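Shared between the two complexes below is chain A, which has chain B as its partner in the first and chain C in the second.
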Partner chain A sequence: MLHLLDVRCKFLMMCLVSMSMLSAQVFACFFYFLVLLFFFKKTGLNIFATLNSIKYFILFLFFIFAARALALKGDSLFSFYGLSVTKQGLNDGFLVAFRFFLVMLTGLLFSSTTKPSSVKSAVQWFLKPVPFVPEKRVAVMISLSLSFMPVILKQAKEVSEAQKARCGDLQKNPIKRIIRLVLPLLKKTFLSADYLVLAMESRCYSDDRTDPEFTPSGKEFFFFAGSVVLSLSLVCL
Partner chain B sequence: MTKNIIDINAICHTFADGYIGLKNISVSISKGEFIILAGKNGSGKTTFLRHLNGLLLPDSGVIFVKGLDVSKHLVQTRKTVGMVFQDADTQIVGDTVFDEVAFGLENLKVKRAEINKKVTLILEDLNLFHLKDRSPSTLSGGEKRKLAIAGILVMDPEVIVFDEPFSNLDYPGTIQVLSTIIDLNRSGHTIIIATHDVETVICEATRIIMMEDGQIKKDGTPDCIVKHLESFGVRQPCSSKFGMGLQPWLS
Partner chain C sequence: MNNSKQLKMTVYTSLFVAFIAIGAFISIPIGPVPIVLQNMFVLLAAIILGPVWGLACVAIYLLIGLAGLPVFAGGTSGIGKLFGPTGGYLLGYLPCVFVTAGISKGLGKKMSSDIIAMVIGSLIIYAAGVPWLKVVTAMTYGKALAVGMYPFLIGDVLKIIAAAFIAKTLRPVIKL
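On to the complex of A and B.
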């Protein structure tokens, strides 16, 4: 059902709920976590696979938790090497990490139920009233970044493999290894960008283009009202 | 002037670094022709093709496409002459197959309903409709090349220019692309293919133009030119080499 919602509505819902997470307390966070689990289940997304895909982010959250636990002053629970872990620090660290985690899951739910081209269209629509921002050009740039990323990654892999084939991995100095990878990759990327410009020109590229199309499912009002209620509950709980 | 779809009069092009790309080229191309532009690397094939689409403009001389001077009618020229580049990966702009095909029409400010109709029709024609929501980066080489063709075809060009259309393609990919090109020519499109491997298309061609050092060295029917290919650094097809004449590559 989330797949069919108008991307602009989903965008607003995501922003609203994410902002309300700033002042959500532990109970509210658990409640929202259950809501998210419901939507993950409904959309057919595997929560364990999702958690696996953000494992490095979870590690980052652990550092935030540890830093808070050690940095915040309060009732000391235990100390070592002059550092003390406080009760308030643990609570605060857990809450901050949990909030970040939920915002991340919200973003993942949004991105996995929305086509990249729809995100581009939504950005263009939201930027339209902003003065001095060429929204159509921004939308094309987003689209190009999305479509160019796999090309750049493929080229990086090719350069890396070509160097490995000539024993480039024997070089232990990481800076030299990075330079050897980055310079040819940059050269290839700029050349590809040149070709892309030609290809766009050959198809009459212009900033003055047809506007994107949105296809509302008719359930947007219901979902948006629901997200407003949810956000208020998260703030008040 | 009106009989030929493209008329080129004595064009020359020199690059910014002083390298001479084209020297005094004059040629006319009629509607419905299937032309192979052959020559070794650096002979000027790509530079010549880019002039047909207005991506490069001549330093001297003039190009007319449907009677209009290319340098003064760029948009009209690019609508009439579509260009498919050598590397499909760097030509693809959209993040889905559908968006990629729609790109040209969006640039021309065509109404959304018409874009949807035309794109659907082209995708069905080229048997790509089932891939419409896929990311182009996940397609096979042959499918990517067909997608690049679809992106051009949707703009309704009369002439389609291909720069090395079979490079980096496997056998099934080459068959896919070649069949598409042949169908396009049979449906009335003028086809110009730049290649240094003529064997795949020579049987379909009505004319071969040989280039060397930015000049046209020979221009004629495949039967007349085939024996001279190797003197310009282009491999002669096996069948012709062994005295069996020109054999079609597709069975």
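On to the complex of A and C.
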């Protein structure tokens, strides 16, 4: 259902709901959490696997919660070593952490139901009215950097294994270790980038390219109206 | 700027975007806190690409993350991360890259000027990141500094020195 939705519509929905989350109250947050759970169920995503992939972020949220609970002044619930946990602090910390958690889940839902290439074309479409930004070149750069990432990771692994084979991991000097990992990596990838430039030039690359096509599934209006109602109710509740 | 040069810069800039995104995952285990190379790549992008393309590089990185592709630290993305507790560091990359590249260009591309530029650039990242962290978590400045700046300083010094060497060796190879 979400997979087939037009990516531009999905992107707008995500922005709208995320923005309205930032001013939502506890009840609205729980309500939205239920809505999100419904969509996770519908799209067939495993919520536990998803939570596992953002476990460090959740750890960070606990940290925010603790910091808020300790820092805010109010009616003290209990105290130790001069630090007092306040009621206002607990409420506030919970609310802030919960909001971030939900915005994060929304983003995850978006990125797991959307192909990177369609994200790229959506970005290009949204940048079109912005002046002084060559949206086509930006789109090309996005897809280039996406395709560079696995290449760099592979070469980083190669370089670090080559270093290990030469006992490079016994080197104690951290500066030398950074240099010996990064320098070969940069040199290698820049050389392959040079070949890419040549290849693109010889194929007469120019910024003047065909625009990407979008295939709306026909339910966009329904979903968009739904998300407008949802975000309005999140703000008002 | 002719077409060929522009194409070259386009490809190099997207290469650095990929490096910044990957930099969050490549870490070198030294001591208790592993050194993450992301901000080193931001600084390198600044001093190698120059102000305009460097700024474009970081802007595209943030744009990709904002648009929901998993390029931020820990494979995360989206508005939640950009406006979350550590968002200040990410947004701080923008002024950092511009100022670093400007200083490095203005002082002439020497190793000493690179180091000065990168030190100032790193300070800009913290100047954006630490107050942001303070506002989001409602900590005092002392605590925010202790959590969000002091543990990384030693690593930053090492990274800046390494980056200066790397930039010196890389410039003749890239020939911009």
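By definition in this document, the second predicted complex is superposed on the first by the 229 of 237 C-alpha atoms of A that agree within 3 Å, B and C clash if a C-alpha of one lies under 4 Å from a C-alpha of the other, contacts with A are read in each partner's own complex, and residues count from 1 in each chain.
Criterion: contacts are C-beta pairs under 8 Å (C-beta built on N, C-alpha and C of every residue); 3 or more make two chains touch, one makes a residue touch a chain.
These numbers come from a predicted model, not from an experiment.
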item	value
Chain A as common anchor, with chain B and chain C clashing or fitting	fit
Which superposed partner A:Pro116 touches (first chain B, second chain C, both, neither)	both
First (chain B), second (chain C), both or neither touched by A:Leu144	both
Touching partner for A:Val96 - first (chain B), second (chain C), both, neither	second
Which of chain B and chain C A:Cys29 touches, first, second, both or neither	neither
Touching partner for A:Met14 - first (chain B), second (chain C), both, neither	second
First, second, both or neither for A:Leu108, with chain B first and chain C second	second
Partner chain(s) touched by A:Arg209 [first = chain B, second = chain C, both, neither]	first
Which of chain B and chain C A:Glu201 touches, first, second, both or neither	both
Chain B versus chain C as contact partner of A:Val159, first or second or both or neither	neither
Touched chain A residues, chain B compared with chain C	C
After fitting on chain A: smallest Cα gap, chain B-chain C, Å	10
Doubly contacted chain A residues - partners chain C and chain B	116, 140, 144, 146, 196, 200-201, 205-206
Sites on chain A touched by chain B in the complex	115-117, 120, 140, 143-144, 146-147, 150-151, 154, 192, 195-196, 198-206, 208-211, 213
Interfacial residue positions of chain A with respect to chain C in the complex	11, 14-15, 18-19, 22, 53-54, 56-57, 60, 63-64, 67-68, 71-72, 92, 96, 100, 103-104, 106-108, 110-111, 114, 116, 119, 122-123, 137-138, 140-142, 144-146, 148-149, 152-153, 156, 174-175, 177-179, 181-183, 186-187, 189-190, 193, 196-197, 200-201, 205-206
Chain A-touching residues of chain B, taken from the complex the two chains share	50, 53, 55, 75, 78-79, 82-83, 85, 87, 89-96, 99, 103-112, 115-116, 133, 135-137, 151-152, 155
Complex interface listing, chain C residues touching chain A	3-4, 7-8, 10-15, 17-19, 21-22, 25-26, 28, 30, 35, 37, 40, 44, 56, 60, 63-64, 67-70, 74-81, 83-86, 136-140, 143, 158-159, 161-162, 165-166, 169-170, 173-174
